[in-house]
Amino acid sequence: MDIMANVLLAAGASPAMAHALDEVQDFVAISSALLINMGTLSSDWVASKKLAAAKAVALGKPWVLDPVGCGATPYRTAACLHMLQLKPTVVRGNASEILALAGAAASVKGVDSTAASHEALDAAKKIAQQYGCIVAVSGATDLVTDGSRVVGVSNGTALLTQITATGCSVTALIAAFLAAAPEGAALQAAAAALAVFGLAGEVGLANAPRPGPGSLRVGLLDALHLLGEAEVVAGVNLSEQ
Amino acid sequence: MDIMANVLLAAGASPAMAHALDEVQDFVAISSALLINMGTLSSDWVASKKLAAAKAVALGKPWVLDPVGCGATPYRTAACLHMLQLKPTVVRGNASEILALAGAAASVKGVDSTAASHEALDAAKKIAQQYGCIVAVSGATDLVTDGSRVVGVSNGTALLTQITATGCSVTALIAAFLAAAPEGAALQAAAAALAVFGLAGEVGLANAPRPGPGSLRVGLLDALHLLGEAEVVAGVNLSEQ
Amino acid sequence: MDIMANVLLAAGASPAMAHALDEVQDFVAISSALLINMGTLSSDWVASKKLAAAKAVALGKPWVLDPVGCGATPYRTAACLHMLQLKPTVVRGNASEILALAGAAASVKGVDSTAASHEALDAAKKIAQQYGCIVAVSGATDLVTDGSRVVGVSNGTALLTQITATGCSVTALIAAFLAAAPEGAALQAAAAALAVFGLAGEVGLANAPRPGPGSLRVGLLDALHLLGEAEVVAGVNLSEQ
């Protein structure tokens, strides 16, 4: 939660984290977008997540699902699948998680992916078509699809995977971009968030005194805050796949 | 919780974080001061917070309330008001939170303030008088009042608001200063904590390789640990308002 | 949890954090080692910890106990003692915690130690003999014992104690080393993890722009990721005691 909130603040968003059954619906009502992260599950929190997602849908607000560790345990997979029924605007996961979410065979060992993003593209398209959502698969090249179109994002650096919750953080950034995007531009918003986050990682690594995950985390947050529009336009690496 | 504990350790305090109903009272008994932060509420935690605050009062130990996001949801506002009845020594919030706590009209959107500190000064005085506590309002100039006297603190840098939980962290530092302060010096302790934290932010920013929130967080913790007494005396910016 | 996960990722491990009763056993089944940290207790979490430890033992997987704040409250001491009955492979604590765990008189004030490691050596040996486990006592010199042999680890820097959860993090690293160690080499794995963590702290401090805890945290994570085998062999400071 720490780096997720810091990523959002650095990028100019105004995050609030809440999980109490007594207030999640009220928080959704004053928010511009909702992020549901399945990382640290408990039965109480799952109940709150369902309430929050349903409220977002009822109010017509965008919401994003991060199916952390989907496939690692039956409880987690079932909880992620239940959330998927609640019609997220965007789903963002690594290849293992997206494969598990689509019911495809995937070896999931905890929360780190054991597959490359392109191996999960068919699974991503299937989810996108079946649930009418955008699906993003993180990897060396991130893939974002609405079920037919596919956008590739080639920003980022492998060292980002050595920092905890960077996947979670980019999903949070997708929610922030959705909050600011026009209706119907969810695919573009998701791809742009992935590209900007990856670019901030590249810049952060270039500015780091050492190529280590401690320095990269510092540089990533600095870059998210300091990147100018011209640098973003020049640096993002998007392509139709 | 991460940055709060690191701020306290850097400043020479010895923090422990506990929330279990079964032990919060025992932890209060071995502590020099108590901090209650309303950030991540749940019904279990609210029950523990009430027990802990009552124990601190029973033992004559100082305790500090951080009404995070007060006004954002009815549940949160009610919980903060309930805590206020339990007689905190000091309350520290941003202007939106203090306005909401005083029952004044305030637009609260999550946990970031939408008002300047001076707009909440009357609300702060009202709370201080009614509950016999010190109230601190964070902002470009922090204001600290016992209901009649008002001290202004002009240290700090706006970039601190781009790091999550810096408000929570300065409240934690107020608790540490209260633990070390003589009886009856709560106003001075709160103002001093705000000034030292702000000064550490200034020094941290001056030492940062880039004016970004990642670097500032590192520099802030370094400065809290390394600031000497002479630098503090020379750097704090306090004034009677 | 943030720094613990980052330490493990920097060192090349693949951490997952789970606490739901509904899935902890399944997570243990796909893990190579289990860490149980008693830092933030609640009755739900204690129940999950017991289930997870029992599962690890049933599957013959190594597990490590970090009795955070043992002795600080009766609830916490009882919970730690209960976990100890579940036969951890390794226990790692500071001197105060190990003394409290052994039932010896110890002044415990929160989670920071008030005793030096050698003061807890007899307590550590007693626990190791009684429960058939390895016990590590952190301090200026870390001591690791199987009840008869004692290995001393003289790496590290005092400034590490000014960063929250560095004790927790080195316990997590012990779990990662156990996952990779041959059967019967738990003492060596624990000592090696303590030495590598301490060495990374030394290197991190040497590389830091300032001797502060913010910079040390960055440098520590960088060093854990970047340290080569030759540097480790040359830098670790182990001795039979």
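Here the chain labels run A, B and C in written order, and each chain numbers its own residues starting at 1.
By our rule, a residue touches a chain if its C-beta (ideal position, glycine included) is under 8 Å from a C-beta of that chain, and two chains touch if they have at least 3 such contacts.
Note that the structure is a prediction, hence the values are computed from the model and not measured.
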Touch-based graph of the chains, sorted into line, ring, star, complete or other: complete
Self-contact between copies chain A and chain B, residue sets same or different by half: different
Centre-to-centre distance between chain B and chain A (centres being mean Cα positions), rounded to whole Å: 32
Shared interface positions of chain C, touching two or more other chains: 2, 209, 217-218
In the complex, chain C residues that touch chain A: 2, 5-6, 9-10, 14-23, 26-27, 30-31, 44, 204, 207, 209, 217-226
Chain A residues within the chain C interface of the complex: 2-3, 39-43, 69, 72-76, 108-112, 161-165, 209-215, 217-218
